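When the chains are written out, they are named A, B, C, D, E, F and G in that same order, and each has its own residue count from 1.
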């Protein structure tokens, strides 16, 4: 059974996700919301460089236009 | 309960936000308004380099197309 | 009371504004008009490098697609 | 008989695909879903550098806007 | 009285304009036409480098998507 | 008699085409399908560097957004 | 009398045109067709570097999204 991309995001609500942006920056946090444009709300967000958290942001609204991928933690 | 991205911006009205733009520039100021395109109005805005304010702008209208993320202060 | 981005531009008509473009160029001039695409009309426009005017343009129509921010003088 | 691009993706559901992104990054994984924007869901996804897997992601939602090509394994 | 951007272009028909493109190239010529996408028709067009004409083009149709600014001669 | 771009693609179905992408990559293969967004399906596709095939892909779905030009073999 | 951009292209059908693309590449050929997206069909097309033909393509379909300017020969 095929999984629609927004359904995968819906199941990831409340879980940790890794978000890759255009230009290569990566953020990690709890997925607290999203909309059909793939605009995202992350809580307890932090930017990742390599495997290290480099900066903490609290709540972060990310515009979908900048998002390359979203990977839910398993 | 999921939080929609624009609801998060709505709750941030009147508070300090950090705004990251394409290309890496960051601005900080009081979120005075926004629209569905995520065009933003900041007051007492300043550009941030590292942790320092590098330039002050007063009121700043930022086009949503340039916005990567918005982080409300907590 | 929230301020809508286009309302801020409307109140700035006839006043000096600073306009930042993608790629980092900045222009200054009197805001003489705009439309919903944030296409702008500046009069007595000049390009700014650092704090110096580097080139004068008279009337300048700027496409909204290139605009990053607009800051009304106060 | 011409093959429509989305039909090719539909037949690839459940199979390994190679996905090339803007900027040159490549990912490989099982195509678990997609939508009309070519947003993709990959499972057991990994990033490829040359012919080596460089990073493993589990489930990966990739925004169609970043996708350059998709090649189903044969 | 506010001036709409397309009205400014309309008044410039038949006059010399300077056109700046994404990436920094500049063209000069007589504005012979335009449409709502800000696609432009220049006649006796030439590319400008610094203050010199570097190449002559005759008639030039420029796609609006590439246009950053248009400055009518005064 | 003018030829519409999509008609040219339609006549090229089943023939070899050369496809140039943003950033300069070129692919060659049999055009097996396309849609109105100029999303393409190539079969027996290979990437070309200079005049050499550098990598073989089998079937390749290319997003129209990345396509610069398509040249049917003659 | 103003000339609309697409009317200029229409009059250029069957004539040589020079086409400039994003990133600076230039192609020359006989304009055999176009559509409202400014997708173009060139025949006997060749890429130009400086004033030299560097590569010959036969028929070339160019996506409008990549086109910066089109200059009909006179």
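Observations on the structure shown:
Quick note on the criterion: a residue touches a chain if its C-beta (ideal position, glycine included) is under 8 Å from a C-beta of that chain, and two chains touch if they have at least 3 such contacts.
None of these values were measured; they are calculated from a predicted model.
Minimum number of contact steps separating chain A from chain D: 1. Separation between the centroids of chain A and chain F, computed from CA atoms only, is 34 Å. Each chain gets one centre point, the mean of its Cα atoms, and the points for chain B and chain C are 19 Å apart.
Contact with two or more other chains is made by residues 22, 65 of chain A. Order of chains around the touching ring, counted from chain D in the direction of chain F, is D, F, G, E, C, B, A. Residue ranges of chain B in contact with chain C, taken from their complex: 13, 21-23, 27, 32-35, 39-41, 45, 57-63, 65-66. Considering their complex, residues 2-9, 18, 22, 24, 38, 64-65, 67-74 of chain A touch chain D.
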